[in-house]
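In the two assemblies presented below, chain A is common to both, partnered first by chain B and then by chain C.
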Partner chain A sequence: MSRLSNIPLTGWIGMALIAANAILFLFGPMLAPFGQEEIVGMPFDMPQPGHPLGFDQNGRDMLSRLLYGAQMSIGISLAAVCLSFAVGVPLGILAAIRGGWLDLVLSRVVDTVMSIPVLISALVVLQALGSSLPVLIVTIALLDSTRVFRLARLVAQGINVMEYAEVARLRGEGLGWMIRREILPNALPPLVAEFGMRFCFTFLFVAGLSYLGLGVQPPFADWGGMVRDNQQGILYGLYAPLFPAAAIALVTIGVNLTVDWLLAGHTTVQGDNR
Partner chain B sequence: MVSLIAKRAGLGLLTLWLVSVLVFAGTEILPGDVAGAILGQSATPESLAALRSELGLDVPALQRYFDWLGGILTGDMGRSMASGQPVSDLLWPRFRNTMALAAYAGVIAVPLAVGLGILAAAKRGTIFDRAANIAALAFVSLPEYFLGLLLVLWLSVKTGWLPSLADTYEGMGLTAWFTATTLPMLVLVMVTMAQILRMTRTTVLGVMDQPYIETAFLKGLKNGRVVMRHAAPNAAAPIVNVVSFNIAYLITGVVLVEAVFNYNGLGRFMVDAVSKRDLPMVQAAAMIFGAAYVILNMIADIAAIALNPRLRHPRGKEA
Partner chain C sequence: MSDILRIRDLRVATAEGVELLHGVSLDLEKGEILGLIGESGAGKSTIGLASMGYGRGGCRITGGTIELAGKDLASASRPEREAVRGARIAYVAQSAAAAFNPAHRLERQIIEGPLRHGLMTAPEARAWMIELFTALGLPEPETFGRRYPHQVSGGQLQRAMVAMAMSCKPDILVLDEPTTALDVTTQIEVLLLLRETIRKYGTSALYITHDLAVIAQVADRLMVLRHGAEVETGTTEQILSAPREEYTQRLVSERQASLNAEAGAHHRTGEEILRVDHVSAAYGRTPVLHDVDLSVKRGETVAIVGESGSGKSTLARLVSGLLAPSAGQVRFDGEALPESYRKRSPDLLRRIQLIYQLPDVALNPRQTVGETIGRPLETFRGLKGRAQRNEVARLLEMIGLPVEMAARLPGALSGGQKQRVCIARALAAEPDLMICDEVTSALDPLVAEDILRLLRKLQDELGMTYLFITHDLSVVRRLADRTVVMQKGRIVEEADTATLFEAPRDPYTRRLLDSVPQLDRGWLDKVLAARAS
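Up next is the complex of A and B:
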């Protein structure tokens, strides 16, 4: 464990941003002074006392919308990333340990899916199924799980050939023990770092889809959709669309800074030190 | 080396075919009903059946796949469901627009990013290196539309230097085209440059840890010469990979940027088609994007093989 004084300034900033967003995610709607659909002013009106960020394109309080949107934007991404790890990690480890045809089939499927840009695959699926919250989460999670699978398989392969894994196998431990007691604990650091990066990517991706009008649909508010709704404001020199865009940027900057610091501290990925 | 390249090209073709299978399966076999989606609430069983046979949906999926694939190979991509126009007439002009924008950005971003990345590696630990790193990290984290809207606010609305929308049309002058597309180009340059710079720096630094670099230093060579003559050539292959990866990214990053500036490219075309659930248009656009991505990756791999000093000079010939 590294000492607290060794954490660089960028690491602190990153963690502070994550903590702030965690609070927004948990308590956002409770902190909001107005309802998310409540029209309390003129469209695109300037900031004024009681409305520090002004109003959106329909005259709703920008700050309140942002606070409500936090739950939607962060929640969807968290759900998608958790689901993609729940699918990708076990399959990746299983493919690494079992090998053979299971590994071959899974790896080929994953390689093929990965040969198409994620955005294009997602658009194809959304065209077929339409955009709803469950479709959005499951689609993104499954597309993302291919990347998680690749990493988990690589890391597990590295661990599986270590002496201690060999010893456990010779002791006659079963598959469950191997995964829970030998592989997972040692695969944790790279997987945690990957979780951060994946969250960042997914978060930007969900926001991007909403910005394109294909992600979170009204009446729900999320930050990407808010940028889209308020975009005309920029032509009148208003900052309205920049507030949700900046909120998106602050989340990704926070996660990136933290992961950057974590990876600089523990550079060795398990597969590398033979 | 030649057989390696031939193998990679063959693999690329196989991947292209798999992409076509995935695109077709994704749009046709997923449980969405196109005919139902078009008719919506007003659907009666008779009208549904009529529309299905009109769209050719009553034919078995396998036969439709081969018809579709054959059509694409001969340049016939079917007709748009919304407008009835041939997809290829709608698609190719937009594709050209997107490629023009991506090329405009790539030509500026790639040399700049690789140069700055090597410079940052050569000046490891200096103020320049740190500043480049922090700037790159910031640009990687910022969504395209945030950068885009900031640029619109500063360079267009407040100063009036550049147009806020990238309006292009057939037969416009070259100067007018460059003026119209400079803002979207700048956003794309910032986003791709950041990635390429970071990865180039890491790659060159990785090479700098090799024993032969130490030898070069021990021979008494200067830092700049070691970086340029010894490290950079060996880092070339991975850098080509990084660059192509990012150009491939450019192809999809362009979708968001086109939406910000309302640029008439393939990305906006595809987004429109998806929201209208216009199947043949989505299939064709997905296939083009997928093919561009696969082909770029293939070219990069082949270039990396051709650039690898170890593969160019097989063991026997080395002294």
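Up next is the complex of A and C:
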């Protein structure tokens, strides 16, 4: 990896934003001056001492809700992305190594799922099963894992035909060794980049679902839901909906900047070591 | 001052500031061919591209002047440089297949230059293209341009690229290894036509190559390069007959030795270990091997020689179990070898090891040298921990690498070192048969020589059996007890190496042997004369 001095300014900004969000994620509720359900003022009241970001549509402290929402929003996205990689990457690599009917079946299933817009699939599942947190996370993760599967399979196919992989097969190595030692380490750069991107997409997707009322259910705070709840404030020229929207934007920008920096110069995949 | 190109103290550095060329100067007269020779990383191609005012992949010209007909390109503006490129000085790359756009017909790509530079009208450009096609000996010059790149052979495409480079009637051609990717019999054809065409139109040329014997046929003067600096420059005769510098002497004597070595090796051989019994094979429906019959005895080296597409690598895949034969059988140590490597026992897998052409892709870039060599020790011989480390150290010593290398990743090794690691990995299995698939063809001549010496040493010490697959006849000459010549999936001749080189029976073998460039200025003319008579 590059030395510290080689990291561009945008990289630093991205990492600073991610660090700030990580702190919010870990300590948000502790930092919050009020509870997330506590009504402490007038609806849509202006920022004032003790309440630097004002109040939401129910008169709850905006800052406190943002801090609580950080845990919820970031937590769901992170869990969903981790789960989708845990499902997609092994299956993708397996399909690439084994090929044949296994590859055929998995790929066609994935193609079928991908042919339906993600939002529609998610809406159907969430309507049917009800929007609880586990259902939300698993639904998003499984829908997302199709994309991860495709990438992992593609990258692994490239590596699988490399001669060092052939040497390992001719040595009689089992599936576990092939995945863990030969393919995964060489597939890591594009997968890590994809992880960052997927996190962004998922974050926005959760925000979108919440906005439609199918994401995180009240009274829990989450940033997407907060934008929705406060949207009528925009009609009256109030700042209230802008704060959660800005929080979403900052996370997305932070992750994107970091990923861009990680991707730059690391676009060669498949362990080309020349 | 008849110099068309005059380079003075040229310095080129990468984007990271690493200097690739440390002040190189050269002059090129009108109509002269100057050969640039050196191993990879010597800066040959960098000079070739810099002479067009171009730096590859973020490289910058950091100092010196490049005067093309009196005008400095190094300090010229971008539009000025672009006006010169293609028009006054043109480039021919090693791989024509990668230089042509597969989606367009040849004609369109060849006449693009003169039209773009506004030098000719479309009919003029076409007429000139047809004249070039004729001069370059391409079939049906009138209609050849209508073909797509995939519809012509490799040698024809390489010539079409020369036509593309000549399309603007440039003063200078930069030829970057123009025949290296071609088979020997094709190479001689292209070399001949290239030389004729350059002479006919009085073009000057910078001819870049690593092969002394090839450059000896075409160049008037030679410049030997190493590590981005000039070693020596002289007329071709002087460099070949009386090289001044030690490095040049080594280059010349190595090439001489490889051509003139006594043909054939004579090892004490044991019982038959490998028998390829009337085997045919196909990729899908395309047959690639026809009724191949071959036998290898324990302790000997059998070379399989042929040009690309002759099926020699397919044979290696067959023996190693990566491809199943469509007919016939492979027997190993008296027993039928299961067709697929999946059905072979671990011990059988251990006994046959493969070494590849490109060490870059044969080593996992994320595994250290120690892990790479240690893994077969563990899977095949059950060595772990300390015993494994000791054995890795012993193997590293055997192949001539320092023990500290065990901690390195392949990215931190040179090409020759990587190939040594590949050999050590194969040795770790204590195999009975090693299949060497073009193991030296991606390496520089002096490095390749070292690898061959190592392989020979291992054979003497361990009594190793080699199945040596190559297109390089000079390698065969020095290494093999017996040689098998293949053409289009069939064995055309099989004989003791010495016999084969002295008295080839098959016409194809004879043509193959005659096509190997000799380190003799007049060789190409002799071949020409022999053909005419």
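Throughout what follows, the second predicted complex is superposed on the first by the 270 of 274 C-alpha atoms of A that agree within 3 Å, B and C clash if a C-alpha of one lies under 4 Å from a C-alpha of the other, contacts with A are read in each partner's own complex, and residues count from 1 in each chain.
Basically, a contact is a pair of C-beta atoms (placed from the backbone, for glycine too) under 8 Å apart; a residue touches a chain by one contact, two chains touch by 3 or more.
Just so you know, these numbers come straight off a predicted model, no measurement behind them.
Q: Going by the contact rule set out at the top, does A:Gln231 touch chain B (first), chain C (second), both, or neither?
A: A:Gln231 contacts chain B only, not chain C.
Q: Thinking of the overlay built on chain A, is A:Gly172 touched by chain B (first), by chain C (second), by both, or by neither?
A: In the superposed model, A:Gly172 contacts chain C only, not chain B.
Q: On the A-aligned overlay, A:Arg181 touches which partner chain: chain B = first, chain C = second, or both, or neither?
A: second
Q: Does the superposition put A:Met162 against chain B (first), chain C (second), both, or neither?
A: second
Q: Using the touch definition from the top, say if A:Ile253 reaches chain B (first), chain C (second), both or neither.
A: A:Ile253: touches chain B, not chain C.
Q: Look at A:Leu129 in the shared chain and tell me whether it touches chain B only, chain C only, both, or neither; answer first, second, both or neither.
A: A:Leu129 sits against chain B, while chain C stays out of touch.
Q: Counting residues of chain A touched by each partner, does chain B or chain C come out ahead?
A: The partner that reaches more residues of chain A in the superposed model: B.
Q: Considering only the contact definition stated at the top, list the common interface residues of chain A for chain B and chain C.
A: Common interface on chain A, chain B vs chain C: nothing in common.
Q: So in the complex, which bits of chain B are touching chain A?
A: Interface residues on chain B, with respect to chain A: 15, 18-19, 22-23, 26-28, 30-32, 37, 134, 137-138, 140-146, 149-150, 152-153, 157-158, 164, 248-249, 251-252, 255-256, 259-260, 270-271, 273-275, 277, 279, 282-283, 286, 289-290, 293-294, 297.
Q: State the interface residues of chain C toward chain A in the complex, per the touch definition above.
A: 320-322, 341, 344, 346, 349, 354, 356, 358, 360-367, 375-376, 379-380, 409-411, 425, 429
Q: Can you tell me which positions in chain A touch chain C when the two form their complex?
A: Touching chain C from chain A are residues 162-173, 181-182, 185-186, 271-274.
Q: If we count contacts the way the header does, which residues on chain A are in touch with chain B in the complex?
A: Interface residues on the chain A side: 10, 112-113, 115-121, 123-130, 200, 204, 207-208, 211-214, 227, 231, 234-237, 239, 241-242, 245-246, 248-249, 252-253, 256-257, 260.
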